[in-house]
Every structure is written in structure tokens, then in C-alpha cells.
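I am attaching a structure below and will ask some questions about it afterwards.
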Amino acid sequence: MVTRARVLIDCEDAKGLVYQIAKVFYDRDLNIDNNREFVDKEQGRFFMRTVVSGMFDIQELLEELKTVAPEDAHIRVVEPKDKKIILMATKESHALGDILVRHANGELDAQIECVIANHDTLENFVRRFDIPFFHVPAEGMSREEHEEHVMKLISEFEFDYIVLAKYMRILTPAFVKAYPEKIINIHHSFLPAFIGANPYKQAFERGVKIIGATAHFVTNDLDEGPIIAQDVIPVNHRLSWRDMQRAGRDVEKIVLSRALSLVLHDRVFVNGNKTVVF
Amino acid sequence: MVTRARVLIDCEDAKGLVYQIAKVFYDRDLNIDNNREFVDKEQGRFFMRTVVSGMFDIQELLEELKTVAPEDAHIRVVEPKDKKIILMATKESHALGDILVRHANGELDAQIECVIANHDTLENFVRRFDIPFFHVPAEGMSREEHEEHVMKLISEFEFDYIVLAKYMRILTPAFVKAYPEKIINIHHSFLPAFIGANPYKQAFERGVKIIGATAHFVTNDLDEGPIIAQDVIPVNHRLSWRDMQRAGRDVEKIVLSRALSLVLHDRVFVNGNKTVVF
Amino acid sequence: MVTRARVLIDCEDAKGLVYQIAKVFYDRDLNIDNNREFVDKEQGRFFMRTVVSGMFDIQELLEELKTVAPEDAHIRVVEPKDKKIILMATKESHALGDILVRHANGELDAQIECVIANHDTLENFVRRFDIPFFHVPAEGMSREEHEEHVMKLISEFEFDYIVLAKYMRILTPAFVKAYPEKIINIHHSFLPAFIGANPYKQAFERGVKIIGATAHFVTNDLDEGPIIAQDVIPVNHRLSWRDMQRAGRDVEKIVLSRALSLVLHDRVFVNGNKTVVF
Amino acid sequence: MVTRARVLIDCEDAKGLVYQIAKVFYDRDLNIDNNREFVDKEQGRFFMRTVVSGMFDIQELLEELKTVAPEDAHIRVVEPKDKKIILMATKESHALGDILVRHANGELDAQIECVIANHDTLENFVRRFDIPFFHVPAEGMSREEHEEHVMKLISEFEFDYIVLAKYMRILTPAFVKAYPEKIINIHHSFLPAFIGANPYKQAFERGVKIIGATAHFVTNDLDEGPIIAQDVIPVNHRLSWRDMQRAGRDVEKIVLSRALSLVLHDRVFVNGNKTVVF
């Protein structure tokens, strides 16, 4: 029995859904502490996130909700507790550091299982936080061979999400496919502007007046997955591309941490190649 | 009979409210096109804005909703049609002009009944838009006398809201009391910073790096009513206070028009001295 | 003789430039009221905008500055007075209206010579402002034929800039070439994201969390010219692409008016495919 | 002899200043790599920050600049190297952590001498970064007694700035006076809104739609010193004041780090109760 849970429903839209679902809560004497819905009219899809409280069995509630929801419904009843995450990084510390500091001070609402990096640059830095650090070098290997090592390592952990905190290698479709809707990336541009390599240099050369960062789920195309969060900062002609890169770091880390927080609190639904964020 | 309406409910929070209300819609075979709820835990207050469609009588739906809602409930069932507004101004044209242009091109979702101003500066400008303009001079009159003239004029119109588009006179409590939750003002600062006269000069003298504007309902204290919308822009040491004033105009007009649009679409609930904006 | 002018210099960088130029001002007993410089290290290019006051002859000052600047220098000495502009539009009124309102109330620092549109939708609207309106229909004509009519019309006016206030036709290279660095466009996306047709629909389909607008000089590639100003607003899953379009209008008009103001005050230098904005 | 320095001049405005100063650089065969000026017309005050390169003696250059500048001129010629800072904190880790992570990864352009805190909560956290941590408890002491201990400790270090990274105690005038223009604070509101205790609660109760943070030099009045940097984020009715506090932390840390970076690069001049930021 639990006293509080997040009910997450994602299904084909149908008349009476809110009523039917609210009836389940009402009949079980559950309180609705918080409730958000959205109907994607174009796709005919219904999304709902409700925080309920009372005294109930999670499995029983789930089963009953299944009886009122359409057959295709994706229903979860989730206890609000820390999830487990694996971090992946390369050499840069800002995005990784932001997550580690939040974790060290109990503000992350997640347990960090380990940090995996393709360079050893950040080893000492990560060790300061008493988090296991694994260096999986990629030199002299094919992309597939390297990923095999990484996946073997990952398989030793239980985890809910893999967070690419400036992991600067392109993932193969096989890797991405192995963890669907479980990999979160921070891309250092305001997608879809400046897809691909060195977006700050591209931004500098295009002479834009604003730069940004994008956190998204990773799908086959590295920079094309559903966007979770974005933010921007103004720049001007005085900044070199390295200045833009430096200025961009603050946006990157804030956007990644914000997206991660949304995901950890079960506020993000994937809707085709887009997201619904409650 | 109508086919679409906005249901607006504001009442003491109670268990089962969402269920009871959804049941009314369900039993009458109404579709929920859009639904947003909020519970103010601190005040124990429930807010709901639902767009329903089907075939129904507004008065009947209202009566039935009253039977399931708490006694204190403030319930409205509103057809989505243009509201009527009265504009008040002084000498500045930017906020007024923004509303007039939207109106002229059918983008306001409101009818402008007239413009009332305490100076005649804007007369020709307003006439360009074929909107009645009334100059109610205040010279040589007490505040009360002037407002009497204004109120007499207002009484000749049907209207839903009075919009102060840079009306630069302080209103008496009597005037404000006459139109509760019906007067919308744009204040040229990021309230509650720089309450009172000449906020740009105050902002300049304080050396702030950001200035803003605030749209709010007018209550007894001119700058203290419930805030509907706010926005800001960065400034720096190079701007004189007149430069700040000029830069601020764009924020003022955008914030006022945004707030007005929210109000016209019944998206704003007053909650004590705050607002719930859906 | 004038008492105040803007000195605008754009040349290859060289040692002693600031000294040499400041010496000219000093020797002529001119005050530097305002001074901004920028060196593009990568291109080795120097930019300077100085407001000087005193009592002087513009032509003489220009000639003297030429003696101290590198041979390739592009030097202008400009009196701070209203420039002349031609507006071009199609059917949408928001960007056009914003400029017309500023003009009507003496806040534009420019004279509007006329509005040219390929539809007559905005005729009555423009006439309200006592601005000549010319409808140059494009039906049944090749792009070249239509532009011939437009260019003939343009040739009857003296003007400094052509402002495309949501002119929804693609210009031919010949047209663009005829008015180098004189055509300012507002593009309804945060360039370089969503180049091409219907950017709001593209943005909606990509599921971005921020949309924007870009004002730029028009060069051969319609959406590829030097960017003058950009701004953004947050959006979310609840907005349809038409909602995004509506929300985007405010950004479009503010960004275009801001860019226009910068250009009218001689604050924008073109630097290859980028701008230096003082 | 050095090859590069920042020249910082702050004096009464006078005709020919730019020329006189540029002449000094020219005569010594120095390159101007970067140059920014500002004249505060209202106060008749001139500010200049120039980065020069070449081969020169700092003391000699300083002496020569003194000969051309007004008597009251405050002139500094500063080598671009790491400054030394002391951090002060209480219990919260976000602002402190942001600075420590930047330092750990060589991105701060400063040496952290130590962290002084009035609680021991952050001791383990700070130790992870190999930075000396001093706990100076305040219990059972008068404000003056406690500060005496802190000042004694401070006196053992060489430092350029004291950074209050969420140091939650009010400083006495005596303390502030001891380190003029050397103490940088982050205030958790968009000053001057919500001066005083618990600004997030104040913001929540006022129902604002935007919250912010302000980094400023500390003068006698804790929240009244010259503002260096500010930023904001949108909030809405769904956030409790604790949610606002949580959301505000990201702005606080980014604003403090941005202000610190500006100060460390000698980009900030104090101008009465305001700043000039180049």
C-alpha cells in the first residue's frame, strides 16, 4: 500500500476519458492533488498526469485503470521516489558538474550509478564526488567495438535513464535502439539550427544574435529526437566562436539539468517526434 | 442551444470535484476539447477552465453544474464570442496603437466601444481607426469631478472591460470600486519594483540591468492589484532614463496586449491578490 | 556648417587608427559625444561609429578623415536626420502596422514614402495613416514582369531603405542586386532554423520549445543575408502551428522595428555576411 | 616588461581625452586590441577600458597616462592574470558549487583562497575540491564578535574580492567599510523588488509572473549597492514559494558567476551607486 503516486496515461483520445478515470479515483476515495491533461487534436491522442493521494495498492489501481482506458493505452502508476541514472561524458565538466553538485547536495531526486567517459580527463573530478568513474577508451576501435564495451558496462547497472552530459561521440543506431526513450542528450545549439559538428562555429559564421541549447531524447538521428527543453542567450559581434562556446556552457548545463528534472519527475511524455511536458 | 462554451469554475476545493463536473459533461454527451485545473493548496481553492462542445443550452448546463459544485462556487458558462471594451489613454500612443491595429485587422477578439482620454493629443490618431474618441479634460477639476464626467460617459456603453492603455491619472477608490475586476492597467515597471511616479527614472537611478512592464487588474492601490502578465528587457549603463522609457514602450504594449488577450479568452481567474492564468 | 554628425568608418585594421582619427577631431576642436569601435581580428577589419559635436563642415571633415584612413576605407559623415523608407507588404498588418503607428506618432525617425503591396488587402488600413498605397498585383505575371512594375514604382521615389514588412514573395537576384544593403526583411523564424516556406509549421512539426524571428539585410539568398536582430518567445505542446504563428507576430514586429531603428540611427555595419551593431 | 595589459581609466570628462590617451599608446608603439569608452553625461564622468599589447613596463605606462589624464583620474594598468578570491557561504551549495566546479576545471580565472561559512553543513562538500574550509560559528555571539573572527581569518589571506555565495547573514557597516568595492553578493530577487528577508515568499505572495536574481557590490545597505548583473525566469500560479526558491537557484548561480567573471576580467567600474559594465 502506498499513500501517493503519479498516474501517467497516454492513449488514443475518446469521449468520457476524464470522467472514467476520475471515477476510478473517486470510487477508491483518492484525492487528486494535481492534474494535467492534453489532447493532441491532430494525432487524436490523450495525455494525462495526475498525482493522487490516499491509501492504495499500485498494482490494483493500475489494473482498474486498464479496464476504463482504450486498449492501446500506455498506463503507468509511479511512486514518487529517486530514479537511477548513468552519466556519460567526454572531457567537458560543466554539464556533468552541474548534475554532480545537485546530487552531492541532495537536490537531484536521482541516484547516480556511475559516470562513463571515453577519456580519463574527468576521472579526478568525478572521484571528488565519490561516484564510480569508468574510462572506456575508444582509440583503435571501431564505433561498434567501443559501444560493445560501453553496453557491457551499462548492463551491470540497473538504471532508468542514460544522460549524455556532453558525450561527444555519435551513437550507432544499435546503441540507441537498445535504450528507447531512455537516453537524454544536450545539444549545444538551438536545434534545428546548426545540426552537426561544432555548432558554435557555425553560429559564429552565420552571425546570429542569439545562441542556445537543446535537451532531447536520442533517437536514431542524433540531433533529431523529441525536444524536452531549450533555452537561449543573446550574443553579439564582439564574441569569437570560442567566446560563444564559453557563454553557451551556462545554457547547456541549465537546460540539461532542467530537462533531467522534468524527466525524473515523470513530467515528459514522448508524442511521436515531439514531447508533451506537464 | 450552442455547440461550444467555456466553463469557468472557481470554488472551495473538495474531494471528487473533477469527477462530479466531468460526470455532468459525460451525462450530457459533451466533449471536453480542453481542460485545465489548478488547486491552490494554501487557500484550499479550486479553479477549472474547460472548453466543451456538443449541443446544449448554456443556462441548463450552468444550473446543473451548480447542483454538483460547493455552495460558494463561482460558475460561468461563456460562449466564445467577442467581448466589448472601453479604452482609456492620455497622450502616449504605443499601447493604444497596438490594440487599435489588432482591432482594425480583426485580431483582437473584442469590439472597441470608444477611447476616452484626458487630453486631445490622440484624437486624430484614434479617428483614423473609426473609433469614437472622447476628450474628457481634467483641468480645473477635482479628481472626483473629472471621474464623474468619465463615469457618466462610460455608463452610456455596454462593456466587459476597461483597458487603461497608458492612462496616466490615478483613479479614486470610488472609481475602482465601481468596476471590480473589470479594469486592466499597464504599469511601466516590473512591479513591485519602482511603484509610483516615473519608474524609468527610478530604474535609471538605481542602475538596474533589466527593466519591465506589468499588466494587472486595478484595485484600490493603483500598482497593487493582481498581476496578469509581466515581461522584461535588458538595459545597460549606456541608456539614459529617456532611452529606457523608449525601450520600455515595446514591452509595455506587448505585455498589455498579451494580458488583454488572456482576459478576453477567459483565461484569467482572480485569486485574492493574485491570478491563476490558464 | 553643422553642429553634430555621426562619423562611420569601416576599413582594414591598422595600428594607430584610433589615435589618427581622434587627432582629426581634436585638431578641429570637436567633442566626442559617443564612440564605439570594434576590430574583427579574424578579418582584420576595423569599425568605428563616433558622434561628434562642435561647428564644422561635413564635406571638409570627410575629406580630412580620408587623409588618415587606409585607402580602402569606407567613411561616412552623416547628419542625424530622418531617413526615407519604402515599405513593402502582402496581406498581414502586424509588422506594417507597428511601423505605421510609430510613424504616425513621430517616433520612427524616418519618413515613409509609400507602401507597395502585391495584394490590396491592406489598402484601407494604410490609407488611415495618410500614406500612399500602391497595389502592384502579381497575378498572371512572371516574377520578373511583376518586379519590373515594382522597380518602376520605386524609381519614382528617393529612399534610403526598402523594408519588407511581411512581403511574402521571393525576390529575384536582379531585384536584390539593384538595392545592395538597402533591403531589410523580417523572417518569421529564428534563422537559420526553418529556412524556407511556412516556418511555423516546420517549428510545430519539429516540436521546438522556443520560436523566434530574424531581421536581416536581403542578399541573393532570401534567408541568408546578414542578421541585424533576433528575438524569441517560449512555446509549448499546447500550441497548434496557427497558435505559434499568432504568438510569433509580436516577436516579428518588435524585431523588425528594432532592426529598423538600429539601421535608421546608422548603428549597423555590414561585415561580410554578418553585421556589427553598435 | 609585459606584452599585454588592461588599461582602466575613470575620471572627470574632458575634451580630447580619447586623443590624449590614444597618443600615449601610439607614441609607445602599443596596439589597441580592444577599446571601450563611456561618458556619463549626467555626472560628467569618463570611463575607458583598453586592452593594449606590445612591449612595455606597466609602471612607466601608468605614470605617462597620469600626465595626460585629469588630476582626479583613477588609472589602473592591470596584467591579465588570475585574481584571488575568498568565498563566504552558509548552508546552500548551488552558487558556491557553481564557482567550485569552474575552479576545479580551470575555467574561473581566479584562485580560491578559502571558503568561510557560519555553518559546517558545506564542509565535506568544499573539501571534495581541496579548498580550505573554515567554519566560523556565530552562535552565542554578537554580530560584531562574529565578524571579528571572520575578519581575523580574512586578514591571513591576500585577496582581491570576497564573494558572498549565499552568505545569509547581514554584514555590519564596519565589515563592509573594511573592504570597499571588494565584496560581491548575490541577492535572491530582482532588486529593488523584494528587498529584505525571504524574497521568494514575498514574490509568491505578490503573485509575480517573473522572478530574478541580482549580483551587486555590497555597500552599507545590504541590498542597495551597485548592481553588476541581473537575470530572470518566468514563473506561474502553479509554483509554491518553495518551488520558486528552487527555480530561482539556477538564476542565482548563473548571475553570480557571470558577475564574478565580469569583475575578474576588470570589466566593471563603480559609478556612484551604479556600474559601468564593458
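For the reader, a short list of remarks on this structure follows.
So that you can tell them apart, the chains are marked A, B, C and D in the order they are listed, and the count of residues begins at 1 in each.
Methods note: a residue touches a chain if its C-beta (ideal position, glycine included) is under 8 Å from a C-beta of that chain, and two chains touch if they have at least 3 such contacts.
Heads up on the chains, UniProt names are A, B, C, D = Formyltetrahydrofolate deformylase.
Everything numeric in this text was worked out from a predicted model, so none of it was measured.
In this structure, the chain pairs C-D and B-D differ in their number of contacting C-beta pairs, and the larger number is found at B-D.
When chain centres are set by their Cα atoms, the one at the greatest distance from chain C is A. With centres defined as mean CA coordinates, chain D is found 37 Å away from chain C.
Between chain B and chain D the centroid-to-centroid distance comes to 41 Å (mean Cα coordinates, whole Å). Across the assembly, chain A contributes no residue that touches 2 or more other chains.
Every residue of chain B that touches chain D in the complex is listed here, in rising order: 38, 40-42, 190-194, 205-210, 212, 226-232, 236-238, 240, 271, 273-277.
Per the touch definition, chain C reaches chain B in the complex via residues 93-94, 97-98, 100-102, 104-105, 107, 125, 128-129, 246, 250, 254, 257-258.
Of all residues in chain A, those touching chain B in their complex are 15-16, 18-19, 22-23, 25-26, 29, 31-37, 39, 234.
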